[in-house]
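What follows is chain A paired twice: with chain B in the first complex and chain C in the second.
Let's look at the complex of A and B:
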């Protein structure tokens, strides 16, 4: 018998552990273009203590560990590049606390976006979190770990800017806490203790976040989306600057795509507004559409398409319908807003070169300090040729992000290498030292951010 | 290219100038109206071409059926006066370009119902009222092959209608329909009013949805249980192209025992839903649209309606949330008729949203 398998079964119970080919196959790939790699074991713990025991086992046996949330990053970040144990964290799904007055929630790492939305709607209708528009099965922690962005990114920034506390199991098996929770005094702030920013953006190569506290925000009674249409991409940075100056929207997204035809060659700026009354809503609408954008309407440069009292989530997944086989993957770049015209033009060129209808989307982050610009490429999962084309387009786009002065968001391995090749030597050196101290055996999600 | 059959002598000798004096959105006296309409007839610029909100109503107001609205749109296009800003015009032009391949043509040799560009509303044509009807344009991916294109009247792009509509007619004709029931009266207006005005041949017989529903209800009369509820009707702009069919609203209501509430903004005096106005280039258009919507909603509420019936999906989308906020149930005429024959209830409509 397999002693590792038996040891894992002893920790979590037989029904939550597997080495069956048909089950490990499911954990060998994600929905993007990355090559599949099979793990040796899959285990699904329920408690922090179980995770700790799994980590200690992996450390003692020098086995790679790959933590997995919803598995929806599309960039292959949870594909076990070097085999080992995939830790499926979906059973860690408790919502431990919601503090209404201090507006935060303490959750376990497997809590999904859909679960948190539904829980808040039912029990705390005055509160909401920054919801990324990912499938409901995506985990809240997963989005935060990769520095994701949600529908409150415009006023409040990246999802990882909304963290108020963390509990982490280190590769050594030690459990640590960061923030006020480290003092046992609640999970309400991550400051002002010394900064230990070692776990966000590291692609789970430095530890396993098991609990986290996140900021919640007022959920206004009315939330809706208005749309403004512009033809000239050169106007977008200026328009975004003006809209963000109002500090009113909850979310701003710009998209353009070849299909459906209405969106081709045009830029749809969707602006989410929230209000507690019709009076407040109209005040905000007047400031945005009339006072800020009225001049563009008058001069034939932009058009107001209307406002609906529903939140329209970005749905780039619809791109997967363009070709048979339902596949798509995107490169996200964290870009200066001024690069929008070049991002759009060059993105179209890459798409057209690879015979893929273009789809570009930008979400404004932190009052236009940056935007997440996504270039999406559709492919047919059953057609290796289209997968190859999409992969080439993705690699070219990774390079484009760097060329235009951006930072690749949640890069796959190709993009990670591009970033590491260009990283400031001092920074790279420090990262190496940190990784050596924290994970000397390199068991955490190996293959990703390999600096050693 | 097809030319508008327009008799300018009728305008020169007209004493009413009803096309402009009755306009709900411009305050014009007879003398000004005469002057401006004649400018438009001569192909000269007029403030009317800039102020027109494209509500279609003058098509109904003209006592001679001389198509003043089509003429206004012709002149707007000729003089480059687009009511909407150019990015919205481009978007509109692109929206009806089919992109999912050709439609599957099956020969029906019987009556059909054409959903046009509203394939998503298949659930509005269910039950006994629609027994025996074949549906065309039931596939959302192919629906723009059946789209009547009349929407471009709102965009100062009448040439696009003339260019594209014959292809749409050709596609429908390939199904060999005995008659075509038009789900939306914009389609009916296209195949009757517009095609007549431009001499475009229509090889099938178009039937207005309300006329069809009335005739089906007569056949199903034994099943009807009077609804006995106060209902308002929101008349769409495209109804102005077929005012002779508007009387079926009353006829249907009488047949199903619904109480048609008396509105200030009804029949010839109807106000549009404001959807097309909100994005117009003219300063203040968004607020103007909101004001029109407020007037409509308050009118419906003051008339005591518990339900508001629509023919046009765009009007429905524009006003339904505001109606629901006032506890007035928005619905389509077909669903109201289905309630009367016991196939669905008001609760079903409320639940389905």
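Let's look at the complex of A and C:
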């Protein structure tokens, strides 16, 4: 009998542990184009103590560990590159505390976006969190760990800028806490203790986050989206500069797509506004559409397409079904806003070269300090050739991000190598040292950031 | 069988596995797909099932008893179809049923499924009980054999054989008798409606059952059928017409509601209980019927009717569908859907869970016992509640 399997069963219970071909198959894939890699075991723990025991077992037996949230990163980030144990964290799904007045929520790492939104709506209707366009099954933790961005990214930045505390199981099996929670007080601030940015953006190579506290924000009574359209991509940086100067919108997204054909070549700017009264909404609308964008309308450079109240949950998954193919993947680049025209033109060229209808989207982050520009490539899961084409397009886009002076967001293996090759040697060296101290055996997600 | 020969070969790869299908309507949790709620492994999610089916048909993985169990643990409750944002969503359950049909064709189904189907073929019911006992539930009441009555009362297997469900059959018959409804039963001539057989992918046996029932109904001149079970309601209404069986089919709640509205049944007793209604998916998601059972409950004297958080198209299935009320591939754990449902009702302060399906009745009754909540919560069929309020 497999002693590791038995040991894992002892920890999480037989039902939540598997080494059967069916689970091995499912957990070897993600939704994008990354090549599948088989884990040896899949476990689904329910408590921090169980996670700690799994980590200790992996450490003692030198087995790779791959934490998995919703598994929706699309970049193959939770594919077990070197086998080992995939830890499906979705059973860690308690919402531990919501502090209404201090506007934060303490949650376990498996809480999904959908679950948190629904909970806040029911129990704390005045509060909301920055929800990404990812499917609601994505975990809040998974989004934060990879520096995701949600629908409050414009005023408040990356999701990882909203962290107020963390609990982490280190590769050594030690449990640590970061932020005010480390003092045993509330989970209300990550500062002013020493800066330990060890677990966000390290792409799960430094530990398993088990609990986190995140900032919540006022949920206004009325929320809606207005859309403005222009033809000239060169206008986008200027328009974004002007809109963000108002500091009014909750979310700003620019997108352009080949389908439907009439919209090809046009740039749609969607602006989310929120207000507690019609009066407030009217004021904000006037400021954006009339005072800020009015001149473009007057000069026939752009058009206002109207405002819809009630925000629909974005259903970006539909992108996967554009060509009835069941798949898409995107490269996200964190880019300066000025690069928008180049991002668009060059991205369109890559899509056309690979015979994929182009889709580009940019979400404005932190008052236009940057944007997350996404180049999306749909493929047909039943057609290897289209998967290959999409993969090639993704690689070329990774290179484009670097060429245009951006940073690849949540890079897959290919993009990771591009980044590592160019990283400042001092930075690389420090990262190596930290990794050696924190995970000397390299059990956390090996195969990722290998050059470390 | 290869993927190319599969009826849905041009669709099955379109599942993106984004996970919308795990949620109820309002996103409360990821536990609204019964098998996923029970096992919490991606393989048991709707997307997992579709991907595994494709991998099996593509010969990327081999058939195994376990693979078959994953496929057969789907109760066909259609939560996935409600939640999936993609255009092929209407065919999700069809894909599962078709994949099962492939397994049946290959002679490879889990033992529990084989026994279930074999019993239906041998005895006309999944329990393996004698055909002569089919009428046992009528003990103590005088019910006509169907003979040109206005309605055929079709009780079905669970209502005929299961001791707990028999009580609801009896309550229903007594109400109909008291209201002077012209109806009769088939007694030991009744045989399984085949709804589960159909959804388990045993198309041959289903055809046999459908043809047999249609022949019997036609021979006896049946035109209107009242069913106790929403499962039978679904089979007669949606499957039988393509075999030439065109009947006017009513779920019993339709009849009770109209009897109440026309004053043919009147309440005499109070039913002062905090009550929630558990939607059966063969009435709800499959047939769009959410309000009739609620309309009945609303007029029960002194009832305190509450809504469960997961209600109507967002209701959590009890886990009994697709033969699982008998095969129980989802049982044996506090994560079983029925036990989750019981806890949900209890936590909101309900004293009674009202149901309108004998399978839900059986599943939830067992779950109450498993949760040790016998003294806190009861499950009652709407027929029983009405009978009680009518002092029958």
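We adopt the following convention: the second predicted complex is superposed on the first by the 443 of 452 C-alpha atoms of A that agree within 3 Å, B and C clash if a C-alpha of one lies under 4 Å from a C-alpha of the other, contacts with A are read in each partner's own complex, and residues count from 1 in each chain.
Here is the rule we go by: a contact is a pair of C-beta atoms (placed from the backbone, for glycine too) under 8 Å apart; a residue touches a chain by one contact, two chains touch by 3 or more.
If you're wondering where the values come from, they're calculated on a predicted model, not measured in any experiment.
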item: Superposition on chain A - do chain B and chain C clash or fit; value: fit
item: Which of chain B and chain C A:15 touches, first, second, both or neither; value: second
item: Cα-centre angle that chain B and chain C span when viewed from chain A, reported as a multiple of 10 degrees; value: 70
item: Touching partner for A:264 - first (chain B), second (chain C), both, neither; value: first
item: Partner chain in contact with A:93 - chain B first, chain C second, else both or neither; value: second
item: Partner chain in contact with A:124 - chain B first, chain C second, else both or neither; value: neither
item: More chain A residues in contact [chain B versus chain C]; value: C
item: First (chain B), second (chain C), both or neither touched by A:317; value: second
item: Partner chain in contact with A:38 - chain B first, chain C second, else both or neither; value: neither
item: Minimum C-alpha spacing, chains overlaid - chain B and chain C, in Å; value: 10
item: Residues of chain A that touch chain B when the two form their complex; value: 229-231, 259-266, 282, 285-286, 289-290, 294, 296-298, 300-306, 308-309
item: Touching residues on chain C, where the partner in the complex is chain A; value: 10-11, 13-20, 22-23, 26-30, 39-43, 48, 51-52, 55, 60-62, 64, 66-67, 70, 85-88, 333
item: Residue ranges of chain B in contact with chain A within the complex; value: 82, 84-88, 90-92, 94-95, 97, 99, 275, 278-279, 281, 283-287, 290, 321
item: Partner chain C, residues of chain A touching it in the complex; value: 15-16, 18, 20-23, 25-27, 29, 31, 42, 44, 70-72, 88, 90-91, 93, 112, 114-115, 117-119, 121, 135-138, 315, 317-318, 320-321, 324-328, 380-382
